[in-house]
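The structure's right below; bear with me while I get my questions together.
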Amino acid sequence: MKQVKVAIVGASGYSGEELLRLLQRHPGVAITCITSRQYDGQRIGAVFPRFAESDLTFVAPDAAAIAAAAEVAFLALPHGLATEFALPLLAAGVKVVDISADFRLRDPAKYAHYYKAPHPAPEMLAKAAYGLPERYRTEIAQADLIACAGCYPTSIILPTSAILAAGLASPQGITVVSMSGVSGAGRKVDLPYIFPECNESVRPYAVTGHRHLPEIEQELAVAAGLDDLAISFVPHLMPVNRGIHSTILLDAMPGATPEKVEQALQSAYADEPFVRVLPKGGLADTKHVTMTNVCEIGWAWDEHTGRIILSSAIDNLTKGASGQAIQCMNIVCGLDEAMGLL
Amino acid sequence: MKQVKVAIVGASGYSGEELLRLLQRHPGVAITCITSRQYDGQRIGAVFPRFAESDLTFVAPDAAAIAAAAEVAFLALPHGLATEFALPLLAAGVKVVDISADFRLRDPAKYAHYYKAPHPAPEMLAKAAYGLPERYRTEIAQADLIACAGCYPTSIILPTSAILAAGLASPQGITVVSMSGVSGAGRKVDLPYIFPECNESVRPYAVTGHRHLPEIEQELAVAAGLDDLAISFVPHLMPVNRGIHSTILLDAMPGATPEKVEQALQSAYADEPFVRVLPKGGLADTKHVTMTNVCEIGWAWDEHTGRIILSSAIDNLTKGASGQAIQCMNIVCGLDEAMGLL
Amino acid sequence: MKQVKVAIVGASGYSGEELLRLLQRHPGVAITCITSRQYDGQRIGAVFPRFAESDLTFVAPDAAAIAAAAEVAFLALPHGLATEFALPLLAAGVKVVDISADFRLRDPAKYAHYYKAPHPAPEMLAKAAYGLPERYRTEIAQADLIACAGCYPTSIILPTSAILAAGLASPQGITVVSMSGVSGAGRKVDLPYIFPECNESVRPYAVTGHRHLPEIEQELAVAAGLDDLAISFVPHLMPVNRGIHSTILLDAMPGATPEKVEQALQSAYADEPFVRVLPKGGLADTKHVTMTNVCEIGWAWDEHTGRIILSSAIDNLTKGASGQAIQCMNIVCGLDEAMGLL
Amino acid sequence: MKQVKVAIVGASGYSGEELLRLLQRHPGVAITCITSRQYDGQRIGAVFPRFAESDLTFVAPDAAAIAAAAEVAFLALPHGLATEFALPLLAAGVKVVDISADFRLRDPAKYAHYYKAPHPAPEMLAKAAYGLPERYRTEIAQADLIACAGCYPTSIILPTSAILAAGLASPQGITVVSMSGVSGAGRKVDLPYIFPECNESVRPYAVTGHRHLPEIEQELAVAAGLDDLAISFVPHLMPVNRGIHSTILLDAMPGATPEKVEQALQSAYADEPFVRVLPKGGLADTKHVTMTNVCEIGWAWDEHTGRIILSSAIDNLTKGASGQAIQCMNIVCGLDEAMGLL
């Protein structure tokens, strides 16, 4: 089989490590370039000892060199910096699968509000496909630039959009409480993330205005057929390495029934290789999905309050980042969508 | 100082261990009796090695013997069994501080609904004081039977009741998402609680109809001046030993402001030794309260949705169970309320 | 490719789960039978939700049915019970890859001493190959019955035997201190293994006479060219899910040098796909090997005491059990040894 | 009761936090000064939210101001810096209880070797008492400068010295393998200590030449009546917050028996409030001692190898640092030795 040549730009963080883990055994790709400013010239085993057997070596990032080496580039860079590499790579004909937040929002004003700076390339926003294959498979297949859905957004949009699209819940008053493992903060060396500060602790953060909020609202509005909507989103940090759990509370619409909820979820995802809908009363557990590309969705019907309670679990580094990016790459390259991910 | 003679009935679980930890260094009490059917005749060091230096020895529980030995009995028993001991102890003139759920609900029909059995002594419900000193100090002081507030309820009622009592939030649509450490399940030997099943996992459970739900609703209704109300309450299990965190979302009433929220919390708890109200934007973290009797309360004003977001953290074994029981005992015995708890 | 038909006998524990995880994506095998007395008739998703998409269903174990379905049977059974199945399966021409301890010891007297019962089939001991491919590849290839090396033994024998075989360390006074994750205790529901008893705890156990001791000594004696030897082996339980770490202290022989130690390890394992020898001063970390079949070996030369200090790390469920079993199966079936394990 | 005025110099690390936790409820002391260069001017609640109710405020460290405020100064400073403060404080008549390593070694050459710099005040080494009350109570009572025993050394010297002093084990070939919780690395913000790098990991470090090695050897030599001895000491990092566990292997001397071992340990520590000797076969567990000042000692007699196997557990922040410092302070101030520590 001919192998797609891929580059990983910004390969020394946890998303980069997960891309390396998955792509090294992906039969349809050859990794031809991995970049890291900090580790330029070092073999990946020096940074990630579990890959000590690999000959791959970090190089300092250079768009021309990446374009010469690869047909597809994964960008695992901070927001802002991703755009700096995306533009020349696209110009050079490289497909870009971006894990950063740079191209997820349609509205540059929202980007400016939440990221405290004008968007560096607003004209690109309309050209990017939103990298959530279960909802944008066709767009992804045709795009040159794919903005992979964020970790929290993936865990929330998948279960909720199916219910909203079926008209079973009100788009008003949606409440989401999520919990993320510490790898979600990246490989960040900062006091709140050292072991003794995280272990035996649980705490919310960014309870108003988390940067993933407008992305979640954008996609739920699409599902509900609205221009916009507002939700409550409260993320928490919890002491696990990997995993995101989201609990979502929705007000059921008149006429909604448990049977219709089950039907909506099942019909939305029956053929999806990476979405698991549990039977009624089933509850998602991060343990069931770690190291997989699966989003597990549980749901309950709360007669007491007239609410639909959704729960979902993903591995933040796989379906929440690198696995999803590979799923998008498989689509855009015409490979089997699940290749390298089972 | 004259010491109050106390018994711990059902002392071999985690609440019992926490009572032992705190009461052994409490200057105002003498532990005269500890019971355990399973460990009858064994020293406490055989069950809890950290207490190996103590001469205390478990005896099989017997109401008459307990009444002969103690002025106050702490009941750390399963629901139902607590009533079996409470009745004869009360009849014998022993003050009863009950950590179980037997006497928390005012309405026996609610007990029957949630516990799947008629209440064993419905006539006692009106006589029990609800053991949450910050709200029922006077009643506790005069009661013979104290039904200590549950762990989740304590973490939810303290922050929420102050806001409801001040008329700053709607009693409709209240949403609570809580996370508990595994000791909250008791010292229970069951597959879902072994280490490899809990570690690196987060999962909701009992998302509809948790037994603490009617207790929370009862007390929030009191605070709101209503006969009843309905809330959403979704508990989760998280991989820490101790701690409960609750995130509570309330719809702000017209006229409510951040200043009024701060004022309501501060004025409710300014003089309370065991409630810490953080400044605006502060977020509760279980790490700040483990091994203490403190309830930490954070809050935020979410302009985006018009909601007040409360967060709270307690140690489920201390303020959520044994510390609170001792606080109640101090009140009922006329001791300094914080004695042995700082 | 023709696929080998395999059975997993006793598939509901952690070793069984790991066999299922690895074998479901192994291109050279088809799982035709999985057994569990407890879960007879249930799909594997009911026991292991992460496999919910699989149609595999547990059946009660029956040797004739297994023999009819499979060419190779993995036994993930308690010791003693493994023999009960191994004998009829071998008689029916099925190759047996046994993860239990039943056929690891050459000397039935040692078995009787450590397992407190006579060996149930002593005549089989000489026929079994010891399932540690790096040392017994030829024997495994020719055997019908493979007794996979235990988890602690694998982590200890691989580093130590290379040094002993090269004559660089004394076979006297060998000291090994190991730490195992809690999954090493199996999926066992018992008080010492519930989360609050393991988390935030580290403790030794079985410090004299652990059942893996004679197995370790047997193989180190072979490496040293002796009939027997005695070592100190102190295992500990540590609060992680997966992983074994062993630290091994050896008295250097006169003439030994750091260069010779490095040379001995490198030459023993240079061509091994699943052994990673770190450079001098490198120290093994379980994090580097979890979810892999790799044994990582570090070593240091302690001038201060004249000792060689070895450290090793494996995933107890992979190289310590199921991965190793598959490696052995690959050998015995003539498949690429690393198939399904990278 | 008259209260001793104490200062905590360097109060913003984990040892400082533990001193604050214990001293705030110590009835015999008043904290009059706490210093931190980094947090100068901030209340302790800003750094340690669990102390939010305290009015204590950090000041920049200044020896004259400390001397004016306090009778006893605890130094929780990096090595080297401790001496800079100890000298002027001693000159001003302040008793110094030093948690750093500056004054633990008798031999300045050893300090120079292990700390890569000449000792800054070698003349003080003979004047310092070694702060391990169970072995140096008399010296501590008379000293102005107390060099508190380190965390690993405390866990090793207490069990081992009793056996060596009784002549029951050889001082040759002693092997110690220890495991420390991550707080033992201090409140250090560095990549190896962030949560995802520590959680689900166990790894040795500094296997040759750890800085605690000469301290351990110095004190074991004293116990054995020798000028010097050499041991193997291999520390490991394990994913818990608090706790050190040490496993110590000793060659039994001719004539040694289990009874004599038990007798040696029991007679050495029968009257000690903070040493718990388990019965034969008992094994120390860090869980039994966290948040206490106790050293738990287990022991086994290994017939198989002729070795005595000791195990010990302490809380590295309490008996391994701050609790021990307070115990020493109680002695030097003539207070009850256990005051504030039970």
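Chains here go by letter, A, B, C and D, matching the order in which they are written, and residues are numbered from 1 within each.
The rule is short, and it goes like this: a residue touches a chain if its C-beta (ideal position, glycine included) is under 8 Å from a C-beta of that chain, and two chains touch if they have at least 3 such contacts.
All values derive from a computational prediction rather than experimental measurement.
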Chain labels contacting chain B and also chain C: A, D
A-D compared against B-D, more contacting pairs: A-D
Farthest chain (mean CA position) relative to chain D: A
Intercentroid distance (Cα basis), chain B paired with chain A, Å: 39
For chain A paired with chain D, centre-to-centre distance based on mean C-alpha positions, whole Å: 47
Distance between the centres, which are taken as Cα means, of chain D and chain B, whole angstrom: 37
Contacts with 2+ other chains: residues of chain A: 197, 199-200, 239-241, 285, 287
In the complex, chain C residues that touch chain D: 173, 175, 177, 179, 197, 199-205, 207-209, 213, 230-232, 234, 236, 238-243, 245, 247, 249, 283-287, 290, 298, 300-305, 307, 309, 311, 313
Residue numbers on chain A that touch chain C, as the complex places them: 25, 49-50, 52-53, 200, 276, 278, 285, 287-289, 291-292, 294, 296, 342
Residue ranges of chain D in contact with chain A within the complex: 14, 181-183, 187-191, 193-200, 239-241
